[in-house]
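Can you read through this structure? Questions will come right after.
For clarity, chains are labelled A, B, C, D, E, F, G and H in written order, and residue numbers in each chain start from 1.
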Amino acid sequence: MNPAEALALLDRFRRGATTQEEVLNAFQAAPVADLGFAVVDTHRGLRKGCPEVIFGAGKTPAQVAAIAAKIVEGDGRVLATRITADHVRAVKRRFKDVVHHEAARCLVVERRPAPRNPGYIAVVAAGTTDLPVADEAAVTAGFMGNEVRRIHDVGVAGLHRLLRRLPEIQGANVVVIVAGMEAALPSVIGGLVARPMIGVPTSVGYGSHFGGLTALLGMLNSCASGLTVVNIDNGFGGGYAAANINALAAEAARRK
Amino acid sequence: MNPAEALALLDRFRRGATTQEEVLNAFQAAPVADLGFAVVDTHRGLRKGCPEVIFGAGKTPAQVAAIAAKIVEGDGRVLATRITADHVRAVKRRFKDVVHHEAARCLVVERRPAPRNPGYIAVVAAGTTDLPVADEAAVTAGFMGNEVRRIHDVGVAGLHRLLRRLPEIQGANVVVIVAGMEAALPSVIGGLVARPMIGVPTSVGYGSHFGGLTALLGMLNSCASGLTVVNIDNGFGGGYAAANINALAAEAARRK
Amino acid sequence: MNPAEALALLDRFRRGATTQEEVLNAFQAAPVADLGFAVVDTHRGLRKGCPEVIFGAGKTPAQVAAIAAKIVEGDGRVLATRITADHVRAVKRRFKDVVHHEAARCLVVERRPAPRNPGYIAVVAAGTTDLPVADEAAVTAGFMGNEVRRIHDVGVAGLHRLLRRLPEIQGANVVVIVAGMEAALPSVIGGLVARPMIGVPTSVGYGSHFGGLTALLGMLNSCASGLTVVNIDNGFGGGYAAANINALAAEAARRK
Amino acid sequence: MNPAEALALLDRFRRGATTQEEVLNAFQAAPVADLGFAVVDTHRGLRKGCPEVIFGAGKTPAQVAAIAAKIVEGDGRVLATRITADHVRAVKRRFKDVVHHEAARCLVVERRPAPRNPGYIAVVAAGTTDLPVADEAAVTAGFMGNEVRRIHDVGVAGLHRLLRRLPEIQGANVVVIVAGMEAALPSVIGGLVARPMIGVPTSVGYGSHFGGLTALLGMLNSCASGLTVVNIDNGFGGGYAAANINALAAEAARRK
Amino acid sequence: MNPAEALALLDRFRRGATTQEEVLNAFQAAPVADLGFAVVDTHRGLRKGCPEVIFGAGKTPAQVAAIAAKIVEGDGRVLATRITADHVRAVKRRFKDVVHHEAARCLVVERRPAPRNPGYIAVVAAGTTDLPVADEAAVTAGFMGNEVRRIHDVGVAGLHRLLRRLPEIQGANVVVIVAGMEAALPSVIGGLVARPMIGVPTSVGYGSHFGGLTALLGMLNSCASGLTVVNIDNGFGGGYAAANINALAAEAARRK
Amino acid sequence: MNPAEALALLDRFRRGATTQEEVLNAFQAAPVADLGFAVVDTHRGLRKGCPEVIFGAGKTPAQVAAIAAKIVEGDGRVLATRITADHVRAVKRRFKDVVHHEAARCLVVERRPAPRNPGYIAVVAAGTTDLPVADEAAVTAGFMGNEVRRIHDVGVAGLHRLLRRLPEIQGANVVVIVAGMEAALPSVIGGLVARPMIGVPTSVGYGSHFGGLTALLGMLNSCASGLTVVNIDNGFGGGYAAANINALAAEAARRK
Amino acid sequence: MNPAEALALLDRFRRGATTQEEVLNAFQAAPVADLGFAVVDTHRGLRKGCPEVIFGAGKTPAQVAAIAAKIVEGDGRVLATRITADHVRAVKRRFKDVVHHEAARCLVVERRPAPRNPGYIAVVAAGTTDLPVADEAAVTAGFMGNEVRRIHDVGVAGLHRLLRRLPEIQGANVVVIVAGMEAALPSVIGGLVARPMIGVPTSVGYGSHFGGLTALLGMLNSCASGLTVVNIDNGFGGGYAAANINALAAEAARRK
Amino acid sequence: MNPAEALALLDRFRRGATTQEEVLNAFQAAPVADLGFAVVDTHRGLRKGCPEVIFGAGKTPAQVAAIAAKIVEGDGRVLATRITADHVRAVKRRFKDVVHHEAARCLVVERRPAPRNPGYIAVVAAGTTDLPVADEAAVTAGFMGNEVRRIHDVGVAGLHRLLRRLPEIQGANVVVIVAGMEAALPSVIGGLVARPMIGVPTSVGYGSHFGGLTALLGMLNSCASGLTVVNIDNGFGGGYAAANINALAAEAARRK
């Protein structure tokens, strides 16, 4: 309810066209509606880039399928992460055109494609074992309307391989860097790239790696300015944040 | 050395205008020069937004003053973080026009102003004790050519105060959220804002706060999509990353 | 042995009706009997609200069934937590009327209903994966004679949903708040509610969540006054403490 | 603005006794006012027991004095915790009647006394070094309108001393238990007392005590049902929560 | 080779009854033999109370059986801890008279009984889930020639049960206290018992129990003088140390 | 009141030499006295070896002096640990004959000497920086009536120095082993000594030593059977436990 | 492309035997090739001792077989670590002569034997459960051209066994010490051996061993100079570093 | 006493030139002497490169001076680490020619120079704040007879600076890499260098750096083969291990 609508309501009330109760109800609802405005605004903003995403872990196939159906109905497309083959089968029964990104443990239904943002997002992975997390980031950013370039197996131990791919990394609007073990890659890339970078530590490692804690701490303490970090193995979070940043750039370009 | 220069060199060599040794030297230097190209490119990119920043902690006043002089000479302006009154005095002896941001523990010399990026960055702080870190973020982002709006004392314990400032937060291009204790603020803002958000956990708290670890873990595990995190008390890192993102948006707008 | 009994014993001793040894034994036993008084008092107090509860984990089905039978015999009702289907089957062989709260992993036999306390306890859960722990809290508080209102899926990421349910939360005598991940919910509710609140952190999360440690630390460092905390996933403890508090209120009302 | 006031406003509006603008303004304030309602409700509830409390640590004497003056103006009394002698001096300049609880590191100005709740709160401390934290809890609960009984030096190592004070502990409406080292006291009391108990771990200890972490973990893992816990050294939080619980009991008695 | 033997050897050498080489060899062996003296002394001392014990975890049934056979051959009896049914079957093929302590996960062959130490060792367990660890302690101490009295289910939550068993605990020469969760039991017993006490923390608990770390820290920080601690779940270590202490007492009595 | 006194009282009562009231009063005190029995028994046992010990840290000089005076009055001697020069000065004002063990940070007044236990306790220290903790252990064990032999600077890095002192270590009734850094010493001694050993980890070290945690964990995981452990830097605890064990041996010899 | 080749190319270019394009292409590759120079140099150095090693964990049998084939093709031999029986079967299909080191979880194909380094590397293991890690170290060092002597079951608890093997350990060029539990072995050996030592902590232990963290910390804090450490269970890393050191010695001898 | 001396002694004994007691004494000393052999061997080995080193922290100036005097007397030179100006003054009173390495917190007296090893050791430091630790490593390695090249300020953030110094690093016999923050430098160098590398993590950093733990974990989990690690800030340990390795190479060359 915006001010104009509010004034109109008061007019109707003074004219006797509505009751005192109706006015009171409308205004009592208003706080939520108004806050809702903010929220709806947010939601609208998100909706342009990304409808609600289903976190599959801990949900039954039936639950995932039901939620997916509801979201597709509204938004025309849906992304579910951390899903299993069972989840995929359940969703497939409703949507023939579901795409299963097996390594990324994601599924996508996309009937109404997302608007595309200019430029591309680079998803860089240090080792082959980091690929599932990198894939999750890539699928997420792609789903949100971005071109994604995957640059794999460029760990710092083979610096020349990384340097060969450097121009492609430097050309990206946003760089997502996925690394386990000691996670030195973001520090090296961070010295060579001026664009926003998002580090995704992975739980790849053993011994004193402590399930990814070492990689996480390494990234948080990186000497590379412009690097921010998400939770361990949170490929979705990394891809989402990158898409979010690129959406800002796209919008800035549109506004211009 | 770019390809054109390389061909010219070979021409000169074939014509006898240069020696074999000179050619070999030039090409042997090339790897660094070429990599240097990348680096210089990076530097150039950075230079548009931010020349090298001095981390004052552990440096003597004389060292800070000397480095500051060298950077101002090249870039016309400099930012030093984590500085003390002694550092300021030392720099003041060379530059009358140094600005001391006392709460932020920063100093700035700015003879050649940075180009301004459109839009603004919101720096939101949960409590009054988080202000020094928030100020560091604000000074950094401002130094890098951004309008900064500071929104303070909007902890989740007084939700209505936060909601009053919500439109201002939602209007920002990037939101930096500084919070200690349990750091619930990013989660609440994250549900209401669609733009890139950067969380800066602070060491404000006691008991099981463990020097900011609790705030850090809280932010890393936040349910808010689009939130990324920097190290504890790293206001500089938060402000830098935000400026970096806004620079991308500004550039996207220019390219348009 | 009360003073009257003691004087009678001494009389019998002086009359030669009992031996020195008997007197000495009686007085040596007295300390335990006296302490026993205190304990019995305590037990009586507990018994009004809650007979002994069986912690099923690590006990065999036969053990649980035997203990349950013994408690029902004395108290007319029993609660067992952390039980499996096997436990339920074993208890069912003795009691046809056992109720199995599957999600809560609890079973209840209730032949003699608990006296009801006025008012209600709100059990608020941030996400759907927190439900088993919330259910355990709800079943426990219900078993102890309280009306329980369950308010689910009101995480801070969707603030408007939480605010819609706010009056119901504010109307409760005690609020149990169950949350995993960064556990920001208690901080938000804590700013809006004046009644006693008990936080139950859950192990829901991944990466740097460390099995619920992050949620626990978040709650312990919450800026919300009036919030106290129990162990990770300890739904029983949360429900019990809430029931304990409401029992005090009920008793205060009765005493009036 | 409560519903009755809202209806009255609409009445005045219909009668022409107020303008459309005035109504709109009133309702536009309403979102906040309405959310404020909740908050105000909270505040009102709190105000009966406790106006805003000043956390002195990290605030200047002038700041504390200014905030204290503002709160006393509105509520007639104020509590400040974690204060130093300097804070006290600054506040004394404005209020001659400030009471300095030195051990508790608290100051109180109390011109309009808080309404008293029936019953009493027991604050039990294991050792003499736990006293500052226990005192903070006691001062807080007392400030919020409760009789407080302090029971000190009853560590489990001298069980007979504890048992001598047991009736007094069992007679309390709420028990706050303050303990450092291994914090075994709540477990022992928890087996003997049926009322709500709040554990406050202290940082008293050394070696593998890790600044109170051991005491905190001990309390969180206590086998005593009905025990909840606050942060390390958080005497204020313990006293506040206890007062909150006793206020519920007092209100239940009033409602009866 | 003791000094007397050495002198005899030199005598034989001077008399020409042995060669220079033989003398040299004997003395060259001596360093080890002499150090061996110490070791042999140790072994002899141990042998009185306890031959080498087999730690079954990570050993194959065949390995355990072979080692057991070798030890029985020398010492007439053997103890193996952390064994499975498979280990027992393998040992049974060689020794019909193997005793399998199932709960304790131990097996014993005892053809030559250990000499008995006077007095008894009390093994006290807080809860029923602590029993396997307590049993391991009891079997170990029993195997080493001690009467063991098991006192179970005397957690501090039911203080009266503990106090009823107190005389039996106070009468022991050494007390082994096995407890999980917050491990408050040693602190309570420690205030009532003057004899050496050994705490064995167990991994029984959940949430912030961290696999027994909380119980371990609780015991290490206990206010009870005379309490020492072994590793988590190390029932063998607790029983062994208790037996070791009682052996000293037995020897002191013999020496008298 | 011990059993003999109780029987005497009853005799007097039967003879008419005392009134019923007096008997009742005596036994009414008994519950505490009787529980006290346990405690008094404990105290008596302790008193032979050790009256109450004052932990000086966190107590004022006046407090320490007052407590010391009270204990000396009853027991004829007192030990205070973790004391400063100020504490010593305060005690000296009352007792000219106070002995200040400066390195051990202990003071002792000993007017009525403790009965001496046969045998001796070895206090072994790995490095010179471990000496203050070793001294505290030695002073404590000495105060409790034991001969103490100090064996210093026998770290495993110079194995020959350790082996030279081995007979002296092997001859002790109990061995207290004080070690920081990686605390390998108990493992080496544990393989050579059959007697009870108590490890006292110290906070000596740096880097990943974590204030003694590494030494503590090293001792808890030692392969040496018969080793038990006390808290970091807890020399008092180590000396007390050793004295406790030797007192058992002394008593066993007496009982014989 | 080494300098000689570069000069030859330029010669051919001046003589007209090659085109400008070809020269440019060669040198354009050069940046990488030149950086590659470094890398190739490294690789060449490595190749003498060790071609690329396959880390089997997380790779499919097909992947391991394919990579192995490619490496054997180039280097004539290959080592794969952390492999399973499935990996071995897959590799066997291509190479009949694969050697499966089962305990070490390694496989080796060695058609072109590595040049042998003089001297030998001692791999010392504290306990039998440390053997898999020790074997991995031994296989790695052997594969890289070193004689390896395995010295097992020499834990510090049986010091005489260790001392008997001492000359063999002292005679090694490099000593790899593999130990779990409290990892005291490196400290003892470190006091007796002057050569480079590498500690490999293992995850062997339980309770407060924390998956090898205790052993790791013990080694890092060892008082033994000349000891360096690798990650928990990283037998490969330990063997590799030892081989690396011995290769330096071998090269120094060759250069002489 | 070597075999030849032993045979000579026996000869003298047979000839009556020495008594039985003397022979026995000599051989009784032998165990230690023989073990001493090993130790002396070790010492001799060490002495070539390094006499005993004084760890100054926690020692008084007088103690350091006395120990230094004793070592110089025997070895002609001494190194003391972690010393203060007071230590230096005290040593200077005895030795005019003491050299104070202020940044390294070391002092050296060198009257009899150490034999020089061929080749050089590179000490690489990531940042200027890592210099004190790097200096300690350099002084130690230099004292032990090695040429040391210091390569500073080559953090991975400025990769081109590192690559420019690469040939110098690759030319070293051993590389010591000193780094704080996320410690990515060893991983990058590790991919480019074939020689033994020793990582020294420093406590330089803040927030989640946890006093160097992050740098330590980063190095332990590094993907660089051939890298081993010492304790946080342990520059001495790093320099010593490097010198130890280079001594092996020098000896191998000599043996050749």
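One rule holds for everything that comes next: a contact is a pair of C-beta atoms (placed from the backbone, for glycine too) under 8 Å apart; a residue touches a chain by one contact, two chains touch by 3 or more.
Worth saying up front: this structure is predicted, and the values here are computed from it rather than measured.
Novice: Chains touching chain D and chain F alike, please list them.
Specialist: Chains touching both chain D and chain F: C, E.
Novice: Name the chain whose C-alpha centroid is farthest from the C-alpha centroid of chain D.
Specialist: Following the centroid criterion, the farthest chain would be G.
Novice: Check the residue numbers that chain F and chain G use where they touch, and answer same if over half are used by both copies, otherwise different.
Specialist: Both copies, chain F as well as chain G, present the same residues to each other, with over half of the numbers appearing on both sides.
Novice: Would you kindly tell me how far, in whole Å, the mean C-alpha position of chain E lies from that of chain A?
Specialist: 58
Novice: Where the centres are mean C-alpha positions, what is the separation of chain D from chain G, in Å?
Specialist: One centre to the other, that is 62 Å.
Novice: Rounded to a whole Å, what is the gap between the Cα centroids of chain A and chain F?
Specialist: Chain centroid spacing, chain A to chain F, equals 62 Å.
Novice: Where in chain B do residues touch two or more of the other chains?
Specialist: Within chain B, the residues that touch at least two other chains are 31, 35, 39, 158-159, 163, 191-192, 207-209, 213, 216, 220-221, 231.
Novice: Dump the list of chain pairs that touch, please.
Specialist: A-B, A-C, A-D, A-G, A-H, B-C, B-D, B-G, B-H, C-D, C-E, C-F, D-E, D-F, E-F, E-G, E-H, F-G, F-H, G-H
Novice: Can you name the residues of chain E that touch chain D in the complex?
Specialist: Listed in rising order, the residues are 126-127, 155-159, 181-184, 187-188, 190-192, 205, 207-210, 213-215, 217-224.
Novice: For chain A, which residues are in contact with chain C within the complex?
Specialist: Checking each residue of chain A against chain C gives 31-32, 35-36, 39, 57-59, 201, 203, 211-213, 216, 231-234.
Novice: Can you list the residues on chain G that touch chain H in the complex?
Specialist: By the definition above, chain G touches chain H via 35, 38-39, 41-42, 45-46, 50, 53, 118-119, 163, 166-167, 170, 173-174, 191-196, 198, 216, 220-221, 225-231, 236-237, 240-241, 244-245, 248-256.
Novice: Considering only the defined contacts, which chain C positions touch chain F in the complex?
Specialist: Going by the criterion above, the answer is residues 3, 6-7, 10-11, 13-14, 20, 23-24, 27-28, 30-31, 34-35.
Novice: Please give the residue numbers of chain D that touch chain F in the complex, ascending.
Specialist: By the definition above, chain D touches chain F via 128-129, 158-160, 163-164, 204, 206-209.
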